[in-house]
Structure formats: C-alpha cells, structure tokens
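By written order: A, B, C and D. Residues from 1 in each chain.
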C-alpha cells in the first residue's frame, strides 16, 4: 500500500498532474484577482460596470485555455496504445 | 469617479497618513545639537512669535511659527499695516538662515590665512586694544567704519559710536537714507512718502517699487488698489521688471539718460506754461536759469536723438504729467546705480518742483526725528564707494570695521578693492558669515542672527509713523553677540567718563519705545485699521487705549509686533530748493557710446531680481533654485537678449555664450526675451558668490567697468560695454521652444556640458 | 518505409540537440555577461531610485516603455503568423511555425518584465493585486498579456508534443523531461485526432487574443489626452506595426539558424520569398497607417498637436523620424519589390532595418509627445542613461539566450509536420486543387 | 459639503513669486541637486511660468501664469491610475496617497497641465532647509508621484480646531500657503458652491477663464484676466 503511493509519487503521471494543476492555479488565481478587483470597485463605487465587463472577458479566456490543455492531455493519456 | 473619504480611509487604511498631519516629524526635522533633546523629547507644541523681516528695506512684520520654541516657518503678520499678511519670497525663506551651516559659531581670528575660533573676551580685548592705541595717538581719522543696515536705530547707534570715539570716517549704507540724500542736497529735507490719497500719476524712475524698495508690499497694495481709481503708473526703466509689469506705460531707457528724459518732460511743462507757478515763485531758487537752460537744450527732438525715446512719447508723457493734479516723479536708491545717478536724481527733483511736489507728502510733526538724536547728523555719508576712493587716497589707514556690508561682492573692479583691503593692518568684521568681504578680516565677532536680537524698524513711507519690533524669536544657539552691544561696551571702555544712558542695545530700544509711549500717540499693531469714526473721536481727544505703565506698553508692543499711528496728520511737502548744478554735462562720452554702440559691442545691463537684496540670496537654497525658474534655467547665470539683436549676431535661443568685457570673459546661458532693449544684454545680479552660500553662476558686477556715482558712490550697473566672445551650442535640460539639437537626443552629449 | 529512415532524413533537425560546438558556449558566456551587467544596473536603480535613468519631467517615460511596446510587438511574429498560416492551410508554413511560436514565448516574458522595471516602487507591486483599478489601461494590459502568454505557450507546446515523443524514443540527456512532457504520445489515430482538434481551436482563439494585446497596449497611449497619442487608429496602427516587426524578426531568426544549423534543406528560398512578400505588404500597410495618422494631424493643425508634429518632422526628433521612414518603408520596398535584390541577404538586410525602424517608431511615438506637453511652457529632452542602454542590451541578450537554450532542448523545426508534409500534403493539396478546378468532362462534351 | 476652488487674478498678480516659495517651504518640496535640476527634475508644485509676451517692443508685456494643480472636477490623472493612489475627495480636492503610489508615472503622462512631479531620488534637502521643515507634511519617499494638494494638511488642522471649539469651519480658517502669503491679494480661495464666499464672487467675473477648457477636465483653478489669454 505505502509502497504503491511511493511509486505513484515517483511516477511521471503524478508530475504531469502537478504541471497541469499549475495552469489551473493560474486560471483560478486570475479569476480570484479579477473578482477581488471588481469587489474593490464596488467598495469604492467606482465604475463597477467597466470592471465587471473586463473581468468577465479575462476569466472566460483563462478557463477555456485551461480546459483545452486538460482536454488534450487527458485525451492523449486515454488514447495510448493498449498494453504499453 | 467619486469616492467619499470615509470609504477611502477604510480602503487604504493607515496609508492615508501620507496626507495626514505630522507624519514622522522627528525624522523630518534635523536641528542643531543643542536643540535635539528638545525635539525628540518635546511635546511638539506650536507657538507663534511676531518679529520683523530684515531681508530688504521694507521691514515687513513677520509671523514666525515655532515648534517647541524652534522657528520653522515665517509668514506675514496679517495685522501689520505694512504688509497686511503678505510677504515676499525673501521673508519666507529667511528662517533657513538661522540654521545655515556656514554660520559662524563664535568669534574668529585670522591666523595667517586661516580662521581659528577664539573666545569672545580675547576677540574683544584685541579690538579694544587696537582701537585704544589709535585713540591714544590721536589717529581717529585713520579708522573707517563701513555699515550696511536698514535699521535707523542701529545706524543711529553707529553714529553715536563715531561721535563718542571720534572715528569720524563713518560710512552708513541705508536704503531710505540714500533715497533722501539728493533732497538733502538741494533742500535739506526729503519728502516722507508718496501721498497715494492725492497722487494720481506716478512717474517712476528706475525704482523696483513692488519688489525691493522702501516698502514694497505697501506699494504693491496701493498701486493695485489705486489703478482702478484712475491712478496711472508710468515706469522709466532699462528692464521690464515685475514691478512695472502692470504699469500703464513703460519707457525702456538706460539709467544714464534719466536726467535727459526728465528734463525733456520738464521742457514740455515749461513750454506749455503748465507748471505750478505759485510754488516755483515761492520755493524754486534759480528757476529762471533752470527754465532757460531746459528750453535751450531739451526740446523733444533733441532728447529723442540723445536718448532714443520717440519725441511724441515724451510729449505724451509730458502732457500726462502736466495734466495730473498731483503727479509724483519717484526714485529711490536704485537711481544711483549709475555713474551720473545723483544728477539724474536732481533732475527728477527739478521735475517734481515744477508741479510743486504734488504727489508727495510729509508728516505734520517730524515724529521720529524729534526723538531720534542723531538722525539728521551725517546723513550725507553713504555707501562704500567713498570708502574705496578714500582708501586709495588714504594710505595711513589703521583699522576698518565692517558691519552688515558685503561691499566687495557689491562692487565692480573687485581686484583693486581687494588689494586695498589686503593692505589694511586691522579689519574687524561683525558679519555672521565669512562672506567675500569678511574673508579679508583679521577678526570676526559674529553678530546675532536677526531672529536672535532686538531692534526697532521705524518707517514713514506709509504716510504714518510706524515702528515694527524685531525681537528674538529664539535665544541664540551660538556664541554670537549683538554688534551694538559690542559698540556700547567699546564706547564705555575707550572713552572713560562717556555718559551712556544705557548699558546694552535692548535698553536703548526700550528707551526709544518709552519715548514713543510717552507721546501717548498711535496704537499697537494688534488691532485692525481704525475706522473713520475712531479717527474722529481720536482727533477730539478720545483715547482708544491707554496703558497703566510703560511695561504694559512694552509687553503689548512685543505681542503686537509693532506700533503705528494711524491718526498722524500729514501736510504737503513744499521744500525750498535751489539748483546750482547745470545738468547734462556729466559723462557725455559715455552717453554717446551707449546710444550709438561701437561695432560688435552690446550694452551689459545688470538687473536686480526681487529674490536678492545686495547679494544676500545665496544664503537661501530655495531662492537660488527659484532664481531662474522663469526661464527654467537653474544654478547658472543667464542673459536675456532681444531676438532681433540676437539674429543680428546669429545667436541661438537657449545656447551657451561667452561674454567678454574689458575685465574678462564669463559664460552665460542666453535666452530670448522680446522685452529687452535692442542692443542690450540683461544679466541678473545675485549669483556667483565665491565664499559662502550657494556659489554657483557668476557675479556680472565683477566684470563690469569701474564706475561709480560720483557723490553717493553706488556702483554702476548698466554702463559696461560687452561683446560676444564665442557662441557654443549647448542647452539646458528644459527648453522653452522646440529643440534643434540632435546631439542631446542621441545621448552622445554628457550632462556635464549643461553644468 | 520505416521510421528509422525518416529519422535519418531529418537527422539534421536533431543535430543541434545532441551536438554543441565550442562557439556556442563562448557566445552564451558573452551574452550572459551582458545580461548580468544589465541585472546589476537594475539593482542599482532599484536601490537609488529611478533617478539613475535619463528620464525627467515632462519626459517621464523612456526606454523601458519603448522596449515594452517593441518586444510585445515582436511577439506577434509568432503565434499570429503561424496561426494564420495554419488556418489558411499554407503548406510552406511547416518548417516556419515552430520558430515563430518560440519567438512569441520568449519575447513576451522579456516585454512583460519591462513595465515592472519602469516602476518607481517595484516593492509595492502587490498594490496592483490588492487595490488594482480595472479601469486603468495598465490593468487591461496585465490581463491581456498574461492571457496571451498562456495561450501562446500552450500553442507552442501542443504542436511540440509529437516531436517530444520522437525525442523520447531516441533518448538523450533530457530523457525524463521528454517522458513527462510527451504525455505518452504514440501517434495513435485517437491521439492525433485530439491534438488536431485542440490545435484548431487554439489557433482560432489565439488570433483575437493576440490582436487584443497590442490594441490594448496602444490604448495605454491613446486613452490619454497627450497630443500625438490621443488618436483612434492607434489600435490597428500598433497591431500592423507589431506584425510588421514580428515578421522581420522571424526572418532574421530563420536566416541565422539556417546558416548555423544548416537548415538550407528545409528553409528554402521560396520560404523567404513568401515571407519577404508578406513583409513588403506589411511595410506598405504600415506606411499607409503612418501617412493617415500624420496627415490627419497636419490637416487638423491643432496647435499642441502641431508642436509634436513639427518636433518629429523638423525638430529635434527629425533625424530619428526620417531614419524610421527610411528603415521601415524605403529599404523594404527597394529590396523586396526588386527581383535582383530580393535574395536572402537582401531580405535579411530589409528585415534588420525593419526591426531597427520599428524600435525607432516606438521611440518616435513615446518621447516627442511627452516632450511637448499641452502647456507649452516647459518642454523636455530625453537622454537615456547607461542604465537604460545596458538594460536594453540585456533584454536583447536574454532573447538570444532564450532561443539558444530552446534549440538545445527541442527541435527548432517541427519534425512531425515535415514528415506529415512529405507523406500527405502532396495528396491533400492535389485533392484540394481538384476541388477548386472544374472537371474535364464538360469540356469534352463541348467539343463534341 | 464644500467644493474648494481657487481664483487667481492675473491683473493683480505682480509676478513676485512668493507663492512659489511659500508652496515649496510649506510642503517640504524637495530641492533637488544641481545636476538633477539641470536635467529637468526640479520639483515645483506651483510654478511661475513665463508663458508669453504680448505686443511688440517697446509696448511689450510679459504674461506670467502661476500654475499649480488645477484640482480638476474631471481629473484625467485619476482615470488612469492603476492602484487608486490618486482620488478625488468629496470636497473636490484631488488627493495623492503617497504610500499607495507605485510610481508608474501614468498620471503624470496624462496630466494636461504637467502639474505632477516625481521623486526621482530619496529626498535630500539642503541641511538648513531640513532643519526648518514643516512638520505637518510628511516628506515623500523616493519613487512616488506628488503634487499640489491645496495644502490639505491645513484643512485637517482647521477642521480639528473647529471641532475642538465646537463650531462650524469658517471660510478664512483654511487657506493654502500660496493664498496666505500673496502680497497683492491676487489669489482667492474657498468654497465655490457657497454663493457668499469671496472666491465664488470672484469666479463669476466676466474675465474668468481656465486653462485648456476644451479638454473638459473642469479645472477648479480659475484665472481672471482682462485680456484673457
């Protein structure tokens, strides 16, 4: 059992997942940032609408990008020849 | 975007401290060692003290802000009738002088070229013994005393001193006294003030009336106030100074021609028979000769060809002057900054006489002179040029005492003067800085800073007697002593049995104040202007205020910052004048050469800015920085030239140029200024100190010809011919116009070029 | 035929990864020295304040902002070009795309750093995240550049996967790395399909992002009230300029590597011919925009605008302005529209001048407007200090270093695309052509 | 809520430049070194600019304009600030928060009046000025933008005084340094919305004009001149 985890931690797939998660972190981090900024703009009621418009754009882009990469990587992983 | 402040507090949190009060004062303020304990333990209590400004002859009342009894800022005293809360740059900057790093911290002795500090007693002993020797062998005439002070009382103290000790060679430089000098020549009494209530036409000969004059801020207010009431201000000056920027008419004219211009005006009056016949009959001795002389020599066309002022202009101004009910042709000390200054002044007086001095006024009873013993005496002795001449004439000189005057800096041909000074066996300076002059001293007994001593600045230029208190806002940090106290103790020691009714200068001031008190006239400056009713009541003998004792009055005086008498009566000024001089004879050749420039030559017109009074500016970094702000030229001498003249010599705007006079070459930064007289180059005075303060730039006076006004001996500021030595391309980081200088942009030119 | 032979055929593409010459190390050392010097100079600036630069008032922006705009501009080489070429199924793109995308990746990092270098208080950078103001064009920039960077990195990575797989199969010092990055790609039909699809989505998506980036950068200027900046066509103007400089940079890079790594077999005259033509077109387009921009200014003749205008045309910046026109218009047109001169060296010269010219253009846009503010009483001049110059050098060095580094880990020319080309493109293209062409049948009928 | 504004009567102004000095000293504005001044980094919150000359010699006059931050109602500097380091208070004063500023100098680039200045180096006053700095105003650190604040610290002090004495804040209690020292009383300051205040009276003068009106920044610093620009 323990050995299993160990081998898993050592294996490529684990590192690959970490790499992938970085992208997601970026995406979610960006999202959080934009939300925060929108929140601030509400706090000081300063052109909220503009903030919202911009942030929506930004958020969507990042999520799509993250999505695409995940799709590819998962796809590749699934699409391997059997028995390798 | 609208944010209300509370939200923002919330939003930014503590960071609003950036705007907020008292941010890290401890870190901000650095004070003399002696003061630091107070600062860092101090409760940071704010207090205000009233004192007087000594930066220029104006003598405005200052409101000094102290934190834990350490002065940090100065503003104008809003209740003072002189400046009514206004203040000029020099007054604002003056606090910094108190903390100036170059200030002498105690008496200094010159031991072969180096100044070593000694105790006051030693210094005093040396001084006393030396002077004692002189007196013993009856050589009082071999001692010279050169004083520059704007305080009449201090001047008075020096006069007293010279009387008691017999050092008769006393030379006092005092702006107001100098202004009065030519009047004393011809009539024995000077007008006290311009009577703005009557005066409707001011013909101003060269006075920078709202910048540096007898009472600049008062004049500023009055001129602005009366302009709306049909009061006209015509200025005759070689430079479009801020003072006359708002004048109704400006006659660009070199000082050397003032007399001719004035007489040209006089001609118009005489021709039109529009002069004040009654007055002339009564008071103008030798009028007919004068009239004849003027009519013969000064018809407008002649004046035009002489001075270059178009004759119709002369006619127009002449007509204005004669139409005016109470015109005043005004001048002050600045008119003497020319080799024929006195002559000019006399011409202006003559012009005034034709209209009976209508614009001027006099106090009904000579308030101050009746309580000021020595004011009348020795009024004719002014300024240092006499010193220079006398020194050259006077080989056996024993000692020279200098107080307040930095005449080396303020004099042309400094080389010779310095030579003369270096030959004097004993020079004692009371300056609190080692300036150009006191660097020759053998002994320096530094005076208090003006924020550390008592004085009383008396003034009549408002048409009302006023006395502003100069009082210590802080007790002195350094081992300095009030020069007047030195004088007093000298008097006592040198002349045994001299009866001096006061044992220090403060007493003297107090006694003077007591005299004011005993007249029971006037009010303190702690109340607003009295109304008409008040004045009326006062006339019929009501006392708006009274003090139980002199001490009350004295305390009140210190708190109020001054005394004045708004109820003083004034009369018209009609002196007996007689002219023996016949005009126009002086330096005709100079006039010719200035009028028709020799080829390749330009006139060097040195002008004075309102940031500097007789070279004091370099003590105040904030002023030095601001000096060339108008042209965005920093820390270097600039020269203004008329674009037409420039194009004739193919000189670039904002380029470096080297000027060449008979005394040498000096670099200037050339800027175009369409208001400059064609053929002239205007250069500011005030930079180029070599010994103290911000020594940047050049002192143009040092390069101008050795010319003085014959009788007052003021240096000549605008009679030197100069030629363009070389025009090198170079420019400051700011440019007034689009630059055409690729070098700058490609970065190949290193910055040291600008410096 | 089997893989092995193909590998042999494209051996030259693998060589840079497995063999390193001495000169490589020397150059790398030299460049890193330059880079290091730049870093030191920046630290000085960080400690003593921005006074170390040549900026002053009113010229408050200098080399840093210029380089920022310039490098971001270059970045459009890549992604945009490769995306457009892919989209338009231009077969000759195959050996080019990779390099283009690499340029983008590297240059974006360099460009992105510059605004931070330009800050007076870099230590307060976090304020942007805590209290940032999304209405400020600077924030738009931050967002769009990050987005663009992510997108283009992914867009670089995906087409790289098959090549990484090849490298993995060959083995080598970065074996582990390849294994991880290749995600077990074996070129199965499913995998190919997935990859194709992702790439297609991305290349559609990248184009608007790329355009938005430079539009937003232009807005930094055109949103202000400064004369010479406040202009509506700045967006497209900047984009065109960006692509223009991008292509030039791409050509330079290609020619250099062609020489260094002997890619003559892959990067043929025809490629440079096509790119040259593209460059020529962009040059004309750029000139059109410039002309439009300045003609309107001149015709409007608004005083403050005119001051800037004259400052550029006849004033202090005239030499730079006319040099720019020479570099960006005259040289390219002369070299690229003329058969004799349109050789590879000729094209190289044209591209180099264009890169220089585009840098000058950024200079022309940033400084003169600041030097002639609306209140005409104080105008400025700008003399860059050693700090700024050395940082510009460092940026360039970083760019080259990045490329060299990349060339040592991944192939600079997309091997699998080349293969694909060999195997299929002929068939695909002929098929496509047949679709375009009318079939022969009718013609016979007509005759009969 | 008051709306503070200023009116400068150019017909009264006699170009003495006291306002410039007063401003520098009141706000501890840095006096930069000679080299920097010559490079064009001299710091002035209030400038006395030699704008132009009217007429031709000899009937020529200099037009000088004391220029400070115009405290716009529609400030273009606020629009572009990425970190809200500059903002408009309810009383209309455009304030600058030094601890918040990251020194991107975008606001300077976008100020049509070039009223803002930047701390290129650490503040280093000449020693004599350091010793008598105004403790009400904190010295700005290096790398931030600063500008005229209508002597906001004076407002805060005045407010606290008034509060302590439990009274309304009268008009004359709060004036910036430049207004206080002006010898020719050419500068009016106060609440523009209050129809009785001196400033609003002066503001409704026929000679009124503002700089760069066409930009629509709505400056709250008005100028009076018979020959308006």
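Simple rule for what comes next: contacts are C-beta pairs under 8 Å (C-beta built on N, C-alpha and C of every residue); 3 or more make two chains touch, one makes a residue touch a chain.
Since the structure is predicted, the reported quantities are computational estimates derived from the model, not experimental observations.
Visitor: Farthest from chain D in C-alpha centre terms, which chain would that be?
Guide: Between chain D and the rest, the longest centre separation is with A.
Visitor: Which chain pair shares more contacting C-beta pairs: A-C, or C-D?
Guide: Output for the comparison: C-D.
Visitor: Which chain's mean C-alpha position is nearest the mean C-alpha position of the whole protein set?
Guide: D
Visitor: Could you work out how far the Cα centre of chain A sits from that of chain C, in whole Å?
Guide: Here chain A and chain C have centroids separated by 27 Å.
Visitor: Report the inter-chain centroid distance for chain B and chain C in whole angstrom, where each centroid is the mean of the CA atoms.
Guide: 67
Visitor: Can you check how far apart chain A and chain B are, centre to centre, with Cα atoms defining each centre and the answer in Å?
Guide: 76
Visitor: If you average the CA atoms of chain C and of chain D, how many Å lie between those two points?
Guide: Between these chains, centre-to-centre, one finds 45 Å.
Visitor: By the touch rule stated above, which residues of chain C touch at least two different other chains?
Guide: 54, 56, 131-133, 135, 139, 377-378, 380-381
Visitor: Mind pulling the chain A residues that touch 2 or more other chains?
Guide: Those would be 40, 44, 46-47.
Visitor: Of all the residues in chain D, which ones touch at least 2 other chains?
Guide: Residues 39-41, 47, 49-50, 79, 84, 100.
Visitor: Per the contact definition, I'd like the list of chain A residues that touch chain C in the complex.
Guide: Its residues touching chain C are 12, 15-16, 19, 23, 26, 30, 33-34, 36-38, 40-41, 46-47, 50-51, 54-55, 57-58, 61-62, 64-65, 68-69, 71-73, 75-81, 84.
Visitor: What residues on chain D touch chain C, complex-wise?
Guide: Residue list for chain D touching chain C: 36, 39-41, 47, 49-51, 65, 67, 76, 79-85, 100-106, 108-110, 112-114, 117-122, 141-145, 211-212, 215, 217.
Visitor: Can you list the residues on chain B that touch chain D in the complex?
Guide: Residues in contact with chain D: 1-5, 8, 11-12, 15-25, 27-32, 44, 67, 70-73, 75-76, 83, 85-89, 92-93, 95-101, 210-211, 216-217, 220-221, 224, 240, 242-243, 245-246, 250-252, 610-611, 621-623, 625-626, 629-632, 634-636, 642, 673-675, 678, 696, 732-734, 751, 754-755.
Visitor: Please give the residue numbers of chain C that touch chain A in the complex, ascending.
Guide: Chain C residues touching chain A: 129-135, 139-140, 143-144, 146-147, 150-151, 154, 157-158, 161, 179-180, 183-186, 188, 190-191, 193-195, 198, 201-202, 205, 209.
Visitor: Which residues of chain D touch chain B once you look at their complex with the stated criterion?
Guide: 11-12, 14-18, 20-22, 24-26, 28, 31, 34-35, 37-42, 44, 47-50, 53, 56-62, 64, 78-79, 84, 87-90, 95-100, 126-140, 149, 152-153, 156-157, 177, 180-185
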